[in-house]
Structure formats: structure tokens, C-alpha cells
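The first chain written gets the first letter, and so on, giving A, B, C and D; residue counts start at 1 in each chain.
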Amino acid sequence: MSENIESESPLKRQLRTIIFGTDTPAGRYFDIALMVCIVLSVALVFLDTVEVFHREYGQIIRVLEWVFTIIFTLEYGLRLYCATHPVLYARSFYGIVDLLSVLPSYLALLIPGANFTLVIRILRLFRIFRVLKLLRYLSEGNVLLRAMMQSSRKVFIFFFSVSLIVMVLSAVMYVVEGPDNGFSSIPKSVYWTIVTITTVGYGDITPKTGLGQAIAAFTMLIGYSIIAIPTGILTAEISQEVGRHRDLRSCNQCHKTGHDLDAMYCSRCGCELDSLDAPVENDA
Amino acid sequence: MSENIESESPLKRQLRTIIFGTDTPAGRYFDIALMVCIVLSVALVFLDTVEVFHREYGQIIRVLEWVFTIIFTLEYGLRLYCATHPVLYARSFYGIVDLLSVLPSYLALLIPGANFTLVIRILRLFRIFRVLKLLRYLSEGNVLLRAMMQSSRKVFIFFFSVSLIVMVLSAVMYVVEGPDNGFSSIPKSVYWTIVTITTVGYGDITPKTGLGQAIAAFTMLIGYSIIAIPTGILTAEISQEVGRHRDLRSCNQCHKTGHDLDAMYCSRCGCELDSLDAPVENDA
Amino acid sequence: MSENIESESPLKRQLRTIIFGTDTPAGRYFDIALMVCIVLSVALVFLDTVEVFHREYGQIIRVLEWVFTIIFTLEYGLRLYCATHPVLYARSFYGIVDLLSVLPSYLALLIPGANFTLVIRILRLFRIFRVLKLLRYLSEGNVLLRAMMQSSRKVFIFFFSVSLIVMVLSAVMYVVEGPDNGFSSIPKSVYWTIVTITTVGYGDITPKTGLGQAIAAFTMLIGYSIIAIPTGILTAEISQEVGRHRDLRSCNQCHKTGHDLDAMYCSRCGCELDSLDAPVENDA
Amino acid sequence: MSENIESESPLKRQLRTIIFGTDTPAGRYFDIALMVCIVLSVALVFLDTVEVFHREYGQIIRVLEWVFTIIFTLEYGLRLYCATHPVLYARSFYGIVDLLSVLPSYLALLIPGANFTLVIRILRLFRIFRVLKLLRYLSEGNVLLRAMMQSSRKVFIFFFSVSLIVMVLSAVMYVVEGPDNGFSSIPKSVYWTIVTITTVGYGDITPKTGLGQAIAAFTMLIGYSIIAIPTGILTAEISQEVGRHRDLRSCNQCHKTGHDLDAMYCSRCGCELDSLDAPVENDA
């Protein structure tokens, strides 16, 4: 869109279409190849932590890890080279994720035992979101995201009230059960309360006294009934979002709205309707 | 419907009505007898794995297993014999399930210790779906299926996002807790994260460090709140499906739509309405 | 309503008003006294199973148990005496529950160690439902019951499909994990699968092999996502029931319907509306 | 509003604006400072129960605890001094909470080992609700609260029915499993049933016999399906509340109602709409 785009080399322009675009077949193949590389490289990181694999195939895994690192380094260099605004790209969310998927391998070379780089290498997975664009799944994700945004205030109030209840119950259980039964401190007691109120129930810490078991039963019933609240909030919002989504499906000929999500033709004039995603992507 | 049906023997035609049909009393009795055989034969497979039963009644169970195998073999032969298109039947979903319910017993005769045939023998249960047709429960199942199909894209996006969160949390927990506390590899850590985020909480692997317990509590709260999302998606879709189902209930006389699901007479002209399942089965 | 009611003694008629009715103050006091007796007698049964209470207060508990038995026997006799149709009462649901709350104590006298009578004695609790009538909570219960009846077919299809999945998964886990890891038989494996798919997760049986843990994780995700289905079904039905309930709130003057559940006056003509429960109880 | 307000000192009036009000910048800073103090003082109580912190920083924690106690005492004194009606304030809900957040520290001075004062000190957290007023989150909380009030009768009926089922199942499990398998009394069996029916599943008490495991599986399936009921009730109510909330958004110019929750301008005449919270806070 700016002037210096006009003067750039055709190679750079073509590379940009392939690497950043998803409309040409070449761009699509590039995205799919990239997604496969990401998934394989993360699978390698996972397998390398398994004792047996590390012993047997440790050498191969390390080589493959370097192959992927070089691929991602090349890709990052190409993106920097052919981006319209390299600095803007490097500072963008995806630019940072792209850099983070390359750096840890070099760091691991310098600091051998640094397994905290593991976690950063796994952040590569977020690059898949970029590839998802070509799958046209985003409009569905938008409905979910908007529903969550709409209900975020109610959910905040909910979690705030729940955390107050959790803290009071934790203090009560610490006093009732005491360190002898595993409730060694209030923070540990908070851990137990969350394990109980979310109905996870590991059983690593359990009440032993009668009173403690009664309070635990009460905590469970609270958890059981308040699980309904976020569900209710979100369901109400998603219902509204789906309804609004449907209203967006208007006929280009007679402008009738409110068609079914899977309708292909206008129910009044019989004209073909736009595909489901179109109206949403236009305003997104 | 094709010409060779006309020339076939009346016995074959009558057998087909009984074996494949559900409209005549004989066809219904055949289906019920078949269902009883399936349930009994699967119950036998289950009981045979219980130590006590195997020791005491092993002989009887083996005999009965052969009786059912012969019954199902005969039934499969009869179906092949009287099907309008034997090859089409043999290749259809139910044709393969019917064959699979017979073969494993013969295989078990040749390879004595092959208890993987167990699982295939249990697939017999899917034959019950065929029998369910006569119970007129399918229209209800259709409402559920359609609701699930409609929401499958949103659910896919949901599970994709959840699996990203699961992998990142697994890597974090592997680094924080380490092999000493049971998180021996990232795949094992993924297992723990799924156990936690789905609120199952076996307790076979639990965090021991303070930081690990804090992250675990955070994981539980995520699981607790995102359980609301698929519920919200599906509820919105089922509500719409039920509404659409109601719209299908139109009066044959005055064509008024939108009657209650349990209404017997048209609320405007008083004519008797079709039964609930009729309009759906017509278009299914 | 029949002729012999006219000729019966006034005492009998008054007793019936007190024992069976809930409209007079005396009838209400009788019901509340009865509810207190039921709750106390069940609390006694519960406390008697606690080691400490049994040792310390066993004698007192046994005496009180007899006091309550005599009270309930007297009450049952009075009900039989003053019922309009004693035989019909004795055969009715509540008649049988009333008898069952008396008999076990006598049986326990004859067969000392029979602690199966415990369970029958606790069935007394169902008598509280009769007392609830006076609390006017039944119309709310009706909304729930009707919603559940409406959705029972969908829920049946759901549970039928789930039980098929459970059985196949159980057989797979039995083959994969085997008796060495606690999956000693398929029925036990079914128990494990239900513990997992309902997200209870005791942890008394857990998968040990890598493949088993992968299948377990898959089972949990199934359980996690299908928990949404019954919720969706029921929510859709309850929404409809609440809506229908609202439609029943019509103004006696101008016949406008659809008033809020907590509205006191007609929104069009300003006349006072009937209380919430009235229209429902009339047609129930 | 009463006459003696006019005659009071300007200092007192200004103090009241700062301490009780949330409209002036000074009042807002006071509230935020107070919230920070509350959170810090509760964090201190929590950390003090951790063995390591108590040993290392016990001295500092005790000093800081006294600093906060003096701050809260001063604040309570100021509130009493500048309240329009000191007696009404002292008797109000927040007045009592304010007093309770000060007293326990003095009590702990007199009775050294009294760790039941812990719980009371944590009740300080409820003072945060007062501060939340300035965050304008209350209208969202009102929607939730009203939805819960509306559905409280249905939820009561639900919990009453569930508790009957729990008691009967507990008695059955006590008889089936008996004290040898951990079901040492019916109250303990009730604890197990609640752990199971809420899908918490600690695993500290688990059925060992085949029949017990079958009943346990049945209990889980009940818990799994009835979890849908409160969700359904609440979702239906929240949907209605959100709808009603939307109806309240009327245009001041043309009086059109039913605008979207995030709409800024009237969809008919284009006038600016009031902010979301305004109409609710007016009638609350």
C-alpha cells in the first residue's frame, strides 16, 4: 500500500505472497508444510523427555532438533526479508512467537542443562493459529470469543465471590483439621479447597475428623451447585451470539434476514445466499 | 424394486420381511430375539473374564459361546441369502458388523490365547442400533445428532485451544515438578494435565512442590470454567433444534405450525395431529 | 363424597381433617410434628451406626427407637381408622410407605442381626414428601418433573449410546492393561470406565502402561464433552417449561397472558394477579 | 439529610466524603489504599501458617500484623466518629465486619494459642465488597443474584430430593460394604456418597465388593445426570434476566427498548444511549 512496495523486487513480492498469504496454492502448501514442521518439532521435544527414547534415539533427536531449528531460522530470516515493514513484523505478536521458536535451541547449546527452554520451545504451537486462518475456522472462534468477552464481567464477579468462599473455607479447614491431617498451612488448605470445589478430588489430602468431613461435604455441594453459574452465564451469551450470527445472514436480493445457518438459498426469493463465514469476516 | 425381486421365491421374500423388516409381528419378534441373543452373548464374554465364573462355569460358558456363534453364523447366512443385493449388504456397515460378530469365535478356536478378539466380539453391541429402529427412538437421536453436527466446528475450535493449553501446562509442570515427583516425562505430564483439567483427579500423580500445587490449582480453575463452553455451545444448538422440531409439527387441515411436542390436536382447527415422529422420519 | 361419609361419626371426620388435611391449623401442626418425628427417628438410625454413640448411648437409642415405632404404629392405625376407604389407603403408595416405616422395628425384634431393615427404616424419609404439600413447593417441582419427562426419550438415547461406548472402552482397557494393573475382569473394567467417564476418578484402579494412559485420557475427554449433552437437553426443556409456566399467568379481567413470575398486577389493566402457584395446581 | 448534619464541623463532613464516599478522587484513593491493606493483612495471616515463613519471618509478621491492626482500629474509630448515625453504622453488616477485623488481634494478645481467631481475621475479606462499589461491577452481580433468587425454590426442591437419594444410597452402601471396607458408619457413608455424587472422588473410601462397585457406578451415573438440573434451572433464569436487562435499555429520545448490551447509539433515532449500568443502578 505504501510507495516502496511498488519499487521492491518481484522475488520479494512473490515470497511475501507465499509466506504471509493463504490465497495461492503455493501459500497454502507453505502453511501446511510449516504446520507439519511445528507439530513434528514439538513431538520431538515431548519424546526426548521420555527416558527410553532419550537413551535409544537421543542422538537422532538432537540432529532433528537442529534441522528444525535451521528451518525455523531460515523461515524467520525470510519473513524479516520480505515483510512490508520488517520492524513492525518483528515487534508483532507473531513476530515474537516466531523468534521465540528459534532462540531456545541456540540457548540450549550455550547452557546445556537449561530445561526451562523446553517450555519456550513448546510455545511454537501458538504459530499454528496463524495457519488456521486458511481453514476458515475463525468465524466460529469469533462467536465463542465474543460470547466470552460479553460475559467476562459476570465471570469476574463469579470468580471473585468464589475466591472469597475458598479462602474462608480454607481457614476453617486449617483450624478444624490441623497440620496432623495434612492441612499443614493455609496455602496448602487453599490448594485442598480448590481441588475439592472444582470436583477434581485427588485424595492426596483428605479430611480425617468428622467435623472436617462434614465441612468437606458442604464444600463439595457448593462446588457442585456453583458449577452451574458460569455455564448459565456463557450459555445465555452463546445463545444470543448464535442468534445475532443468524441475523447477519441476509439475502443480497430481497434483504430478508434470519436464515438458518445451513440454509443455501433465501427462503423468500430463492436466491443463493453467501457462505456462512462471509458476512462475519467482512466486519471482523 | 428391481426386476429380479419379482422372480425370486416367496420363501426368500418372506424371510427378508422377517429378518430385515420391522413392520410385521414376526419381524418384530425376530428383532427382539436377536437383541436378547446379542445381550446374552456379550454378558457371557464379560462374565468369562471374572476369575470365579471362569473357574466354575468355564465349560458351560464355552458351550454357550459356541451356541451363540452358530446362531449368528446362521443368521448371517440367512441375511446373505435373502438380501436383495447380497454384495451390497456384505459391504454395508451393518454387514461388516454382522460378520465381525461371528468371525472372532472361529479365530479364538485357532489362536487360543488371542484375547484381542474380546474387543471385536463386544462390537456386536452396535447391532442393537438396528433393532432400535422399531422402538421409534431415532427421531430423538436425530435431534441430538443434528445439534452435535451444527456445533462440531465450534467444538473443534474449543478442543484445539484446550489441547494447546494442555501442552503448555504439561511442559511447565514437567519443568517445575520434575521426574522425582512422578512427572517422569512430558507425555506423562500431559496425562496428568488431562486428568486434572477434566476434573477426574485420580491422585496417582500429584504435585508436591508449592509452585506445582499453585499451577495445579490454576489448571483446575481453567478446567472448571471451560467446562462451561461446550455446554453453552450444545445447549444453544439443542434449543434451536427443539424449536425447529416444533415448527415441523404442522396441522394437515389448516397448516398451522408450531404445536407443542405433546399436543394431540391442532390448537386452531381441532384436527388430530400426526404423531411426533412422523414428520421427521419422512424427511430422514 | 360417597354416602357412608354422611353417616360416619364426627370424631372420625375431624381426625381425617387433621391427619390427611393440610388446610386447618391443627392439620398443619400435625404434619409438622410428624415431619420432626420422621427426621429424629432417621437421625437415630444414623447415629446408632456410629461406634462411639452405639457404645455410650445404645440403651437410650433403643428406647427412643421404640417410642417412635409406637408413635408411627398409632398414626398408621389412626390413618386406617379414619380413611374414607381404608383398603384403598392401605394399597396406595403412601399407605405402603407408612407401613414400611413401622414394620422393620418389629422385624428387628425377632431377627436381632438384621441390619438390612436399616435401609427400609430410612425409606421413612419419603413420607416427608407428603408433608411438603403444605409448603406449596410442589408447583416448582412440577416444572422440573415435566421438563424431565419431556426430555426422558433424549436422555434414554444418550445413556444407551454412552453405555455402548463404556462397554467397548472397558473391553479395550481390559485387554491393554490386564489383570496385573488392577483391571482383573471386564466388569471391574466397566467400573473403572464409569468412574473415569463421570469424572469421579477415585484412583483405586489407574492405568499403568503408556497406551492405557492414552486411552484413559481419551476416555476422560469423551466424558468431559458428553457431560454437555444432558445439560443441553434439560436446559432447553426447562427454558420451554418456564416459558409455558409464564403463559399460564393470565389476568382474570382482561385475559392478557405472559406476565412475569414475580409480577403482582396485570401489566395492561392493573388488576391483581393470582398467586404464582394457583393456575398450576388447578390443572395438576 | 437530617438537621444535625448542617451543624456538624466541616472536617467531619469532609472525612465522611472520603471514608464512606466513592465519588471524589480522595474517596477513591482511600478505598484503594484500604483494599491493599486488607489484601496484605490477609496474605500475612496466610503466610504465617507456613512453617518456613513462621520460623524465618515470624517476628516481622507479628509486627506488621500489629501495624495493620492499628490502621484498622484507627479507621474504625474514624468511621464511628464521622458516620451520620454512629449507632446505626455500628449495628450494620459492614459495621460488624469492620469491628470483627480489628478485635481478633487483641484477643490473640490475651489468649496466645487461639487460632480460631484466624478465621475471623479472614472475614476481613468481605470488606472488599464495599470497595467494589466503585468498580461499577455491581450491576452484573445483580443480574446473577436476581437469577439465583428466582430459581431458589427450584434449587431447594432439587437439593431436597438429592439429599433423600443420598441418605438412602448411604444406608444401602453401609449395609452392602460394611465397616471392614471403610464404611464404618452411616454418617461416614453419607460423606462417601456426597464425595461420589458430586464427582469429587477422593478415593479415601472406595467400594471393594462387586455389588458395592455396581451401586457406586449407579450413584456416579445419577450424579452425572442430575448435575444437569441446577445448570438447566439457572441457565433458563439467567437467559431471562439478560433479556430483561436488555429491555431496560431504552432510548431517552424515542423510547425504543431492547438495545444490545454493547450498543452505544439508539438503533432507530441514533441518539446516544445511557451507559449499561445506569438504568439498573437507578432502580436498585
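In this text, a contact is a pair of C-beta atoms (placed from the backbone, for glycine too) under 8 Å apart; a residue touches a chain by one contact, two chains touch by 3 or more.
Which protein is which chain? UniProt says A, B, C, D = Ion transporter.
Bear in mind the structure is a predicted one, so any value in this text is a computation, not a measurement.
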Same or different: at the chain B/chain C interface, is the fraction of residue numbers used by both copies above or below half?
different
Based on mean C-alpha positions, I'd like to know which chain lies farthest from chain B.
D
Between the Cα centroids of chain A and chain C the separation in whole angstrom comes to 43
Quick one: chain C and chain D, Cα centre-to-centre, how many Å?
30
Taking each residue of chain B in turn, which ones touch at least two of the other chains?
187, 190, 199-203, 227, 231, 233, 235, 237, 239
Give every residue of chain A touching chain B within the complex, in rising order.
42, 45-47, 49-51, 115-116, 118-119, 122-123, 125-126, 128, 132, 137, 140-141, 143-144, 147-148, 155, 159, 187-188, 190-191, 194-195, 198-204, 227, 230-231, 233-235, 237-239, 242, 261-262
Contact set on chain A toward chain C in their complex:
199-203, 231, 235
In the complex, the residues of chain D that touch chain C are 150, 153-154, 156-158, 160, 164, 167-168, 171-172, 174-175, 184-187, 190, 196, 199-203, 206, 210, 213-214, 216-217, 220-221, 223-225, 227-229, 231-233, 235-237, 239-240
